[in-house]
Amino acid sequence: MPLTAPLRGVVPPVCTPLDATGEVDTASLSRLVEHLIGGGVHGLFALGSTSEVAYLTDTQRRTALDTVVRTAAGRVPVLAGVIDTTTPRVIDHARVAAEAGADAIVATAPFYTRTHPKEIAGHFRRIRSSVDLPLFAYDLPVSVHTKLSASLVHALAEDGTLAGLKDSSGDEGGLRRLIVEFGGRDGRAEGPAPRFSILTGSELTVDAALLAGADGVVPGIGNVDPAAYVRLYEAARAGDWALAAKEQERLVELFALVDAGPDADMGRSSSALGAFKGALKLLGLIDCGDTAFPQIQLDTRSLALVDQRLRAAGLTPVR
Amino acid sequence: MPLTAPLRGVVPPVCTPLDATGEVDTASLSRLVEHLIGGGVHGLFALGSTSEVAYLTDTQRRTALDTVVRTAAGRVPVLAGVIDTTTPRVIDHARVAAEAGADAIVATAPFYTRTHPKEIAGHFRRIRSSVDLPLFAYDLPVSVHTKLSASLVHALAEDGTLAGLKDSSGDEGGLRRLIVEFGGRDGRAEGPAPRFSILTGSELTVDAALLAGADGVVPGIGNVDPAAYVRLYEAARAGDWALAAKEQERLVELFALVDAGPDADMGRSSSALGAFKGALKLLGLIDCGDTAFPQIQLDTRSLALVDQRLRAAGLTPVR
Amino acid sequence: MPLTAPLRGVVPPVCTPLDATGEVDTASLSRLVEHLIGGGVHGLFALGSTSEVAYLTDTQRRTALDTVVRTAAGRVPVLAGVIDTTTPRVIDHARVAAEAGADAIVATAPFYTRTHPKEIAGHFRRIRSSVDLPLFAYDLPVSVHTKLSASLVHALAEDGTLAGLKDSSGDEGGLRRLIVEFGGRDGRAEGPAPRFSILTGSELTVDAALLAGADGVVPGIGNVDPAAYVRLYEAARAGDWALAAKEQERLVELFALVDAGPDADMGRSSSALGAFKGALKLLGLIDCGDTAFPQIQLDTRSLALVDQRLRAAGLTPVR
Amino acid sequence: MPLTAPLRGVVPPVCTPLDATGEVDTASLSRLVEHLIGGGVHGLFALGSTSEVAYLTDTQRRTALDTVVRTAAGRVPVLAGVIDTTTPRVIDHARVAAEAGADAIVATAPFYTRTHPKEIAGHFRRIRSSVDLPLFAYDLPVSVHTKLSASLVHALAEDGTLAGLKDSSGDEGGLRRLIVEFGGRDGRAEGPAPRFSILTGSELTVDAALLAGADGVVPGIGNVDPAAYVRLYEAARAGDWALAAKEQERLVELFALVDAGPDADMGRSSSALGAFKGALKLLGLIDCGDTAFPQIQLDTRSLALVDQRLRAAGLTPVR
């Protein structure tokens, strides 16, 4: 489904179910994609951070992307993460994504290296010119340790390098300034980059981002309850902000499942990913809730907390 | 004006006008306080970061606080910053604040030292028990290099140590989680800490914070245009979120004056404070726009940018 | 003892013994100063981080400094920390230090605020011109969150603002580059700032710093075993680097007492300060090993570890 | 050349010369390897950060490694970097390294993701068990944003997971504590991990590291002047610390070429790599000094500074 207009709405980063040997479980992944599309989402982001892209070998990445594209079958656009340290390596992934039939690609600034803003600009421009797909910049300082500046994003939007931004920087004030520079919540249609999509990755303040004029959201916990984010989005589109806030509050409560894992024994990232996948397993959507190695797995007690959070949100575990 | 109920509304951190010798200009400060109260604000925060508290000697702090309290004259409550490195030094300031007639005090976690959460809890409890004034925690990691955790704030609210939180952490997702833990936007009245005020210092996303259920805002640029924040707040109270967002957008545009100073020659903090004070001078509210030493002053070209931003926002410089 | 030549040798940051009520125990402090001078140290640094300066009220700071100056009685120079957030507040402390008879003052860059290098340069120049005492820059990014650049230190040395540097940045490569810029280990006598003292605060690599050409060391654990640092220094002066390294290794082993406190219950800084003071009490030098509030105290088990480390280093507890 | 004993001495991270199209210039790389071996180095580290590993595609990595292994031809051991985000991806590289004939592999902790120490331990153990080659841990927080703790390194040394550590953390005090825990400068032969190599990546303080008991150094600027690091190492082995320090000082002066690039237009990392490669070209060792995309290239003025630094160090450019 080619992106002929700016992407809007709910675009979950699709979890990558693994089997007990650590390989991609394509049957579970297909079921998850059906669950998301059934929930009304407007796009799918494969091979993002929540997809554990950093843990997948090139072969596994291809398998996961192929499965998402094939299952989506053009019903919604598929964005593919092309996450790697620098331009030459990203371009290798971008070519694979194009071959696999992705509708757009999503790249971060270089990481592991320290990179000047002029070099980051060159990075995105070279990627864009190497593959004929719309390119989204993925601003994720917690992983990349660089913040994309508003002026850089603006320049890359104006010259057509970027089709959009996925902002997971957590800098909501900066995002607000960016939106205002792009014409504000009303004026963006006539702005300098009329087809530029601004998607927030801050899944706990989506009502706020939409009120500010963002186009959509890429919510990790949208894997678990896509329909709720769709309701939130629709309420916002209808101008019913009290309802949007109410849906957001319910999702904030559900989100607390990410803290299920014990601090002392595993990382916060592993706990969050493990809780998402644990919830998907409890809901009968995937067969095995394991996260990729070397992440430590949630224990029984933590999974019981996940179960509890699901029930409190009205989502009924089936196993 | 004793705080008998949770503080709500617009509570600007009051700039401290200085004369050419670097001393507190009490006449200008009084005029500024009248301007703020005239703009409809609901409280005043003296000796905050925007007040350049870190640059004021103890004598100057006392002069500034006395002036604010005397001018406010009970029309709105006055919160006093008691900013210093650790508990014993903070308590010295807190006693002065009480003597000066402040209605509440505002303290950060210890800084310069590295401090454990249990030590931070002890810090706030000791301050509270030393001075008979409501105590607000000031979460400002950019200065203090510690983030107050939700669980710490929660515990200190429940045991009556804290009357409120001024959250300038920029972590809007964390703030949302905190509000939900405190009962959410509807349920907070019956929550575990019914009289706990949550004020955001994120002045670019106030509509969002109010939508989420925050009680008010402490906006630096509220010195320049207090009435606009009051309009924003009233729109939010009335449930007119589109209007609140529109007021916020205008303030985001105005806020761009903080970038007036040249990157190469002065700090971002000096630029922002210099722009606030430069705007106040241009508007005829204070006599001298200088910031405290060793901050570098805005040059003529930068002040022209400030002038331009004021005019664009419909605020007319008088000099 | 006026500083007529560059300061060299071992200059411990003097711990500030407190009594059970948290007040400065001047008798214990005098005993500690005698212990240090008896150990052969070349100077004393009062009101440094290890002195818990950030926890002392202005009154307590004055008491501690008076006691150190009076006890030293001109036998070795006394450097006084003048630690506060910005220039005006630092100058207040500097005037007190001069009045108290300090031989030099030690100031950090501004903290709590964010400050541009040009502003930091102005800060040190204004301090120097306000008080007629040699000024040392204290580079402590872990507390101040700013690193003094080599070019800044160089400029301030050349124009006579700084008499020396206390480098606690932990950036040994940067320190090496600075020493080379100042003429290297041989050439510094004829260098652009011939009387500039470079003191390292990296107490675990003092042999290395002296080999590189540093003038001396400010070792926290020098409170506990000053004679050992003097032996290390003398071995280095004599060119016996194997002996210097051997002394350093013994001190590295002794230093492990800073980890005595349990991670889960107190800060690393509190643990280190508590271990230093606990050791001083065990050695009979001070009456009470308490650190200042809100630091959590070492428990019995932790103090037993300190005792063990002392004995392993051949230092015999007397209580 | 299998590693039958702990690796000691000078082990430069081999630069990867590129041609004008960005492909690996194998002829230049072979010449560079001959230059290094001719300079007396004790090992070669291919595909490290200085080799621009983060910028090389998998194909280019293989070409570079093959060239180094083939040219070294067993005269010195070849360590191969296997740098990628997480365990499964690292293992893919490790298998290629084994196939290519590397004598050991060098891996960092996971990056891009946030990882718990227990997960990092699992990471190294899984890598070690997947490929039958000695494994070095590469501690590089500036890239990886995780510091390997002493206790983790110790545990992984004791159980045979790690054959050594390349410490580029810049934490010289921590390194000293680690060396002491491993038995100190004299006692390491009988220590718990008798064959554990400790190599420093801090190329400006190698004399200090060797004095402390480190086994060797991995110096980026050793590409330019390998013989000088070998002289430094031999002086240290002979106990002539004054000579070692003198050699180090000369290398510190030469190292200043890394600052050749203008701050405003390129990153510090690009400047350093560009200066190394620019120097190699000026010395006639490689054909083209370009760094990999998207790094910005040194301009003519910057290269003139590099030329100047080389001449000052007595190294004569041939073009």
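As written, the chains take the letters A, B, C and D, and residue 1 is the first residue of each chain.
The rule is short, and it goes like this: a residue touches a chain if its C-beta (ideal position, glycine included) is under 8 Å from a C-beta of that chain, and two chains touch if they have at least 3 such contacts.
It should be emphasised that the depicted structure is a prediction, and the values quoted were computed from it without experimental measurement.
With steps allowed only between chains in touch, the distance from chain B over to chain D comes to 2.
Both chain A and chain D derive from one sequence, and where they touch, over half of the residue numbers involved are common to the two copies. Once the centre of each chain is set as its mean CA position, chain C and chain D turn out to be 35 Å apart. Separation between the centroids of chain A and chain C, computed from CA atoms only, is 49 Å.
Counting partners per residue, chain D has no residue that reaches two or more other chains.
Across the interface of their complex, chain C is touched by residues 170-173, 176-177, 180, 184-185, 202-205, 207-209, 211-213, 239, 241-242, 245, 248-249, 252-253, 255-256 of chain D. The touching residues of chain A, when paired with chain D in their complex, are 22, 49, 54-58, 60, 83, 85-89, 92, 110-116, 118-120, 122-123, 126, 142-145, 265-270, 292-296.
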